[in-house]
């Protein structure tokens, strides 16, 4: 049994490698959609925002948490939608 | 805090991706050295063999563990040495 | 839902994100990749609404969530802002929007860490406080930095590097301040230090991006994107949520690589991009050229030129996007192809305002994929090309990138249109492009200029060609 | 040493393994990669000798290790066997050795799981028992399977697929038996079921590899290598050692990909490779050709042919390795180059007895890297080639791979030497190659045969050429 901290560190380290390797050969055509898609993925901070909203113990915390929720939702949903719009056009050329 | 099992599962999953991605573009020239090098890496089971030898509670267990140590050492050390020999020749051509 | 099941589904969502990035790296699977990512994010979000922490884990919530209506309301607001923005934005303004989305993400991550810090008060462990400091610093930098990149791209401010006397020292002081405030938070805790830290970090984001030249802005956006990823990972540590750690780290790592790849595509070193403005001498611009005469032509002249060519290469740039001329270009290309003329498009990696911009626009106009050629592919063929038709592009064909050391685009590989027998520029004026440097090629004897909005002039060329 | 430090160093070792695989995937960094891997493995091994478990974790040991002398003795024996074997093995026998090393690794992993299972007795958790069953099954299969591949490659037994009547049913019964024994172990525990399980798994390893044709053996070695990796990962779970989980999984995953890549390089589907023998009709061989006449030449004839060529391509194969003729080939190439003749080597991915075999041999002889060309590169150039000199190769140039459906190499891409103006074969007899199929090309009018050991005949060609 390893400690929780070490487990998280291992997960962190492995994730770095996965992130590096997965995109390392992307063609320049896809730079923008990839950036935009990755950008949408970190919108998953929404999960964290919801958690802290639930835990919030006073109005200041709640307000900040709700702002975080709004921002995170914009990041996440907007990011995926705009990426899809870009890629839709790429796809059109297949026809 | 996630459970130990889940942490190990996460580590396992991420390792799969790392393993997949890292070698996915290797040229056929390197197939043999890569196979041989990977083969040497799993010789690290030597660590496990030493652990069980230490823990062994009777002669049967100890004997099996010692056999495992011999085999694992052969795998690990022989594997790295033979891989190095192959690659040394590749390197010679740089001159 | 038990914690194990929760973590298992979270892991599945993390795998979705990996598959999303994998998919996004290949043209064929890019769209599916994005959808997989969206699916993972949706699952991860829904998960929180269904998970009850058990009694042993006081940090976790009982069902239903407290403040559920407010939370749902906030999500709704986010949807109402984000979705229309994403759907209605013009293709030319996409980079700004991505910058903004990235900035708000960084802001959200910083806020999450702040709220958790406020709540925990002095009960926060040192590791959590350090992670909080990191999140607040990087998240704030990402937020304010992204706002400045937005302002630059939207041309709310100059796209030139902004350098002012003493800027270097101001930045140094700012960095020192951030470190000091960070140490203050870690040592004494409390809310004031955190506020100071956030303020200084926001300032640093501004100072960090101001000196970056407009042409390098996408690189900075990509870098800030990676920053935001790391911020999310750190908040994941604060909240002990593996999914956030994995997702954030993935974005952080892939964003870093992507930034480097982008910088390479523009032929610039990452370090110079970020800190070049401090070390560079005042920028060289080729000003002497301005009094020289240029050769301009009518749409009919160009039509004749094209009609007798055997091979024509289109070089589209930002102006094509502004004029929304992609469909007209396509029409012209079809017309030429029908006449048996060989047609290709030379796509520079940084043509337009974001990497891959031209591919998107031309794909929108159903230009066949085989006709789109990248720089390395097309450059050797210009020698066999009769007409290079430069449509609303400037920097990407500017020989100053090779000849004028010290100019903002020096070192960037360009499309060698000068090798073609004839060069035609479609632009509205003699004004320079994004990087603000004169283009010698405009004065070259083999160059003809066709002034006007690209869409209008192209339409005229098309009808002239039909009448020949 | 505290558990945290132990795990931290273990993580560093795991990172070494990742970097090792990364390095091994690129020609320039391959050797460094292997050394990094060796470093990681050394660190990981030393680690166990310095770690004391604290009282809360009864599974961990006190220092010094119990049975320390025996453990060190066992390691010494391993070194004394492994190192000389690795250093002295001939390049032609490398694949066998890798197979053996892999097999003993699988055996070691199975033994580790067995010992832990014996020790824990009924106190083992269900998850651990399941992991043990997995380890024993896969480790035993890897062990016995590797032994059979060794026997095939060392030609201790036939390299042809071994299929016997009812074999399919025997395998099915064996698989069922393995499952049943596994269930037995999981349900009732105890030592007898485990022994039965191990025995049945060993048998399965034999039956699994027997029907594989010799040409496909390297694919199977690679697959078993991946298996062993997974076994190590499972033992890592049994022992709750993250390092083993990461290392084993890395090898399992990369080995799986590598197996697929190898199969692709040989133009075969993985599925067919493994199960082909059961579904295939009796193999087609082109026997009618045998009575036809062939054209054979003297070393002088060949020297004259080469002397007047403008371009010569060498196609080395397994026979070159057997004859150890690589240095002589190099000498001939230098001689031809000095005469202004264009020389290249056409390297088939599966020439020799392991992937990359020819590259290793030719690199050993200091053949310049630029002259080594892969199949896709060299095939289009045969039409401009005057002489294709096939040195101890057969299958890799055998047109049966294109023309003779059902033959063992059908579907494998070949080097199209038949496109060259002249083909010269250097071999000892009319015997077929590894796959055991006649080569029509030997009877082709443009083919000349030079019989004899490749090294001897080449030496004669070289001196004849010098005397011209």
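For clarity, chains are labelled A, B, C and D in written order, and residue numbers in each chain start from 1.
In the analysis below, a residue touches a chain if its C-beta (ideal position, glycine included) is under 8 Å from a C-beta of that chain, and two chains touch if they have at least 3 such contacts.
What you see is a predicted model; the values in this text were computed from it and never measured.
Asks: Tally the contacting C-beta pairs at the A-C interface and at the B-C interface, and name the larger one.
Replies: Between the two chain pairs, A-C has more contacting C-beta pairs.
Asks: Where the centre means the average of the CA atoms, what chain is farthest from chain A?
Replies: Following the centroid criterion, the farthest chain would be D.
Asks: Return the distance between the CA-based centres of chain A and chain C, expressed in whole Å.
Replies: Chain centres of chain A and chain C, defined by C-alpha means, are spaced 16 Å apart.
Asks: Nearest whole angstrom, what separates the Cα centre of chain A from the Cα centre of chain B?
Replies: The answer is 34 Å.
Asks: When the centre of a chain is set as the mean of its C-alpha atoms, what distance in Å lies between chain C and chain D?
Replies: For chain C versus chain D, the centre distance works out to 46 Å.
Asks: Indicate the whole-number Å distance between the mean C-alpha point of chain B and the mean C-alpha point of chain C.
Replies: Here chain B and chain C have centroids separated by 42 Å.
Asks: Which positions in chain D are in touch with at least two other chains?
Replies: In chain D, residues 18, 240, 242, 246 touch at least two other chains, as defined above.
Asks: Got the chain A residues that touch at least 2 other chains?
Replies: 1-2, 4-5, 7-8, 10-11, 14-15, 17-18, 22, 25
Asks: What part of chain C is in contact with chain B in the complex they form?
Replies: 3-4, 7-8, 11, 14-15, 18, 57, 240, 242, 246
Asks: Applying the document's contact rule, which stretches of chain A touch chain C when the two form their complex?
Replies: 4-5, 8, 11-12, 15-20, 22-57, 60-62, 64-95
Asks: Where on chain D does chain B make contact in their complex?
Replies: My answer: residues 13, 17-18, 20-22, 24-27, 30-31, 33-35, 37-38, 40-41, 44-45, 47-49, 59, 61, 65-67, 70-71, 73-75, 77-79, 81-83, 85-87, 89, 94-95, 97-98, 101-102, 104-105, 107-109, 111-112, 114-116, 118-119, 127, 218, 221-222, 225, 228-229, 231-233, 235-237, 239-258, 261-262, 265, 347, 349, 354-357, 359-364, 366-369, 374.
Asks: Per the contact definition, I'd like the list of chain B residues that touch chain A in the complex.
Replies: Residues of chain B touching chain A: 1-2, 4, 7-8, 10-11, 14-15, 17-18, 21-22, 25.
Asks: In the complex of these two chains, what residues of chain A are touching chain D?
Replies: Going through chain A, the ones touching chain D are 1-3, 5-7, 9-10, 13-14, 17.
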